[in-house]
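All remarks here apply to the structure that follows.
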Amino acid sequence: MKKPIVLINFKAYENSFGKKAVEMAKVIEGVSKDYSVDVIISVPATEIYRIAQEVSIPVYAEHVDAVDLGARTGAITVEMIKEAGAKGSLLNHSERRIRFDEIDDAVKKLRREGLESVVCVDRYTMVAPVGMIGPDAVLIEPPELIGTGISVSRAKPEVITKGVEEIRKTPGVELIAGAGISTGEDVYTAIKLGASGIGVASAVMKAKEPRKVVEDFVKSALRAIEEKGR
Amino acid sequence: MKKPIVLINFKAYENSFGKKAVEMAKVIEGVSKDYSVDVIISVPATEIYRIAQEVSIPVYAEHVDAVDLGARTGAITVEMIKEAGAKGSLLNHSERRIRFDEIDDAVKKLRREGLESVVCVDRYTMVAPVGMIGPDAVLIEPPELIGTGISVSRAKPEVITKGVEEIRKTPGVELIAGAGISTGEDVYTAIKLGASGIGVASAVMKAKEPRKVVEDFVKSALRAIEEKGR
Amino acid sequence: MKKPIVLINFKAYENSFGKKAVEMAKVIEGVSKDYSVDVIISVPATEIYRIAQEVSIPVYAEHVDAVDLGARTGAITVEMIKEAGAKGSLLNHSERRIRFDEIDDAVKKLRREGLESVVCVDRYTMVAPVGMIGPDAVLIEPPELIGTGISVSRAKPEVITKGVEEIRKTPGVELIAGAGISTGEDVYTAIKLGASGIGVASAVMKAKEPRKVVEDFVKSALRAIEEKGR
Amino acid sequence: MKKPIVLINFKAYENSFGKKAVEMAKVIEGVSKDYSVDVIISVPATEIYRIAQEVSIPVYAEHVDAVDLGARTGAITVEMIKEAGAKGSLLNHSERRIRFDEIDDAVKKLRREGLESVVCVDRYTMVAPVGMIGPDAVLIEPPELIGTGISVSRAKPEVITKGVEEIRKTPGVELIAGAGISTGEDVYTAIKLGASGIGVASAVMKAKEPRKVVEDFVKSALRAIEEKGR
């Protein structure tokens, strides 16, 4: 994954599907192109095809079922999201926890199909164990901060620094920080603390001017990455 | 729902998504038009939009989450499937069981949004209780026959006749019979035994000539309905 | 079930297990004997045997798995709770929801083994459907009031009256009212509104003087039953 | 944990509860004393108290809920199993899978309460990740062999050798091998391949002469440990 990683999770808001979701995706794509940063968006299963048709930024599923094709009514498989245009999937989000064997199955199947995987965890002690499974990235989010606007960068910077320490045990896996990220400063701090990028949802999805927010995030992320590179 | 009800559940086979699924939907639409019978297809969440764009027969979701919009990563809500073009949803399929309060929530939300609901049960004693919730139809399927090619019509006709007796306690709710349905004769028998229609999956999805199979089902269903109408 | 029904759910508080739980059971048994009312207690699976050895009032499980004996690590089956001394089980509590087919399986298996079943629901529209399954009683509890001390009797009396109306559709099944019940007056009102009894947890388990609370409940229940009987 | 580890999982057979379970526990205790080997038994939650009263060998729960005390109807907490006499718990058995965050919570809570934890996994790639969480042991069982009588030692020795390699990454955590173990030879081989012990269920629970079987297992385990020690 190209750094900085900026991942915007659409969740299930009223603008997370249909035309509003396509518009949001295009706004994000605009920023992505202007700054040459790959902003990833994760969208509901119903929206993958439509959005992937309309934008060139990476579209992820918000969840994928770790099962094979067959008589499985209601399953959303890796093959399905891939064919619909997804480039990867979020897994184990705190709003959609799965079992450890399912994480393992899904990460391996996504990889086999050439798709990326970002596995969410809620504590730094799970970073290395999940990293050993071999996803592209681990997204650490203290659940008590999700959607609060109180960012992990400010309120729990030690979660990021300890997560960064843990992720070093599994080379090739990136650490993404999330929960409550709402300003460019939050993004900057998270990356300076060692994260490869940030994950965000409400700060963008509920913004009056999403373009400005995403732009602020991307610029701050680039500034942090650049400073770290020196 | 217009009788006879013919519901084809795409499940998660290799031809249940992508271009093959669109082709299958078109084949079924062809038969639907030729015989003026509304054949319903239930498809994976990723496919609703694409298929609903291409065919005019009713497209259902295979499952829908009984939750409201909001911070719910990975949820597929009623609003989402509706916006994508779905006319209804299967619920509680034996391959995707949900809780009773979730069935109630989903049926009510689908109704509120003008969508239809077909709730699956695996035993006739659950027909009336589920019927009281007020879905458009209850689909009864002895799970041990699903996918076997040994039809409920032949192997367990009493499941249909008892189901028909039970559904009479909740006027306005139709009874659909399923599991192992594989020939026109199975369809004919199920409807003659009192069902308003049939549900099927593998017999169509795995057929070498799906058009012939669907045509046989539709013709047999029409013949049974007509005979009952006399 | 003998009326009035008074059901005390031990839940998982610090006095819900071990010696404190035995003591609590004995206190409740004392009231039960003094007033000749069968007070039912539902206790954690680990406590059934010990408590059933010590008291003669009916001991229920708080949950039971609707599965048969066999290779099922971690399952608590009907046979197990029966052998340990349980006289019945709560099912589908809002803190332990199960699927509708599991409710059906469990109710039938409990009956077959000579045990009672009390199925919890959170809305009056589910009273009759669940009643049709044939449990001994349906316990209706608006979940938003559970543990609040704001009783269903005062805050949502219509939930009880509508529940009572619904339960009449399934003769032989009792309606129990619960959620927030904390005074004798709450108990009295619930039964006067038509309930056959009440379910309670925190009001007893967290009481400084549980004996007084239970006594107040039992006396109020008896008074209400008597007045209804006139 | 003292080696060799011999863990007998009672599961939910007809002799896994009640007096038959107590008898079985006593038979196993007899062998344990004769050979001075700590044979661990994991039993249903309903049986912990009764069995722990009767035998001095370590009694485990088959599962424990990773939740705190409180309003949690139906939960079996660490505090409850401890008070009932358990010395530890199995976790994540293939018949009772839990989420990764639940494994982490349970392992930590068990440790805090002075209890042991044995976490089951179904593949060697999960041995080190789960080992990092810090349980006392990881029990590896290819689920397709469980209950078959075809032992992992014979059919899939590489699962053991790879598991042993993986567990070395997390010092202080033991590796136990399971699935299909049915003869002393299976036990001997598993330990010679590097396992610290074995887990077994049906071979003992369904045996006509359980004492002989357990004795054979224990003797073979001792012989293997002794040879490794040379």
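Here the chain labels run A, B, C and D in written order, and each chain numbers its own residues starting at 1.
Note that in this section a residue touches a chain if its C-beta (ideal position, glycine included) is under 8 Å from a C-beta of that chain, and two chains touch if they have at least 3 such contacts.
By chain, UniProt protein names: A, B, C, D = Triosephosphate isomerase.
As the structure is a prediction and not an experimental result, all values here were calculated from the model.
Student: List every chain that touches both subunit A (Triosephosphate isomerase) and subunit C (Triosephosphate isomerase).
Tutor: For subunit A (Triosephosphate isomerase) paired with subunit C (Triosephosphate isomerase), the chains in contact with each are B, D, in label order.
Student: With touch defined as above, tell me whether subunit C (Triosephosphate isomerase) and subunit D (Triosephosphate isomerase) contact each other through largely the same residue numbers, more than half shared, or through different ones.
Tutor: same
Student: Which one, A-D, A-B or C-D, has the same contacts as B-C for more than half of its contact pairs?
Tutor: A-D
Student: If you average the Cα atoms per chain, which one ends up farthest from subunit B (Triosephosphate isomerase)?
Tutor: Most distant chain from subunit B (Triosephosphate isomerase): D.
Student: Nearest whole angstrom, what separates the Cα centre of subunit A (Triosephosphate isomerase) from the Cα centre of subunit B (Triosephosphate isomerase)?
Tutor: Distance between chain centres: 35 Å.
Student: Need the CA-centroid distance for the pair subunit B (Triosephosphate isomerase) / subunit D (Triosephosphate isomerase), whole Å please.
Tutor: One centre to the other, that is 45 Å.
Student: Note the residues in subunit B (Triosephosphate isomerase) that touch 2 or more other chains, in rising order.
Tutor: As it turns out, subunit B (Triosephosphate isomerase) has no residue touching two or more other chains.
Student: Under the stated contact criterion, what part of subunit C (Triosephosphate isomerase) meets subunit B (Triosephosphate isomerase) in this complex?
Tutor: 92, 97-101, 103-104, 121-123, 125-126, 128-130, 132-133
Student: Which residues of subunit D (Triosephosphate isomerase) touch subunit C (Triosephosphate isomerase) in their complex?
Tutor: Residue positions touching the partner: 9, 11-14, 16-18, 42, 44-50, 62-63, 67, 69-77, 79-81, 83-84, 90, 93-96, 146-147, 201-202.
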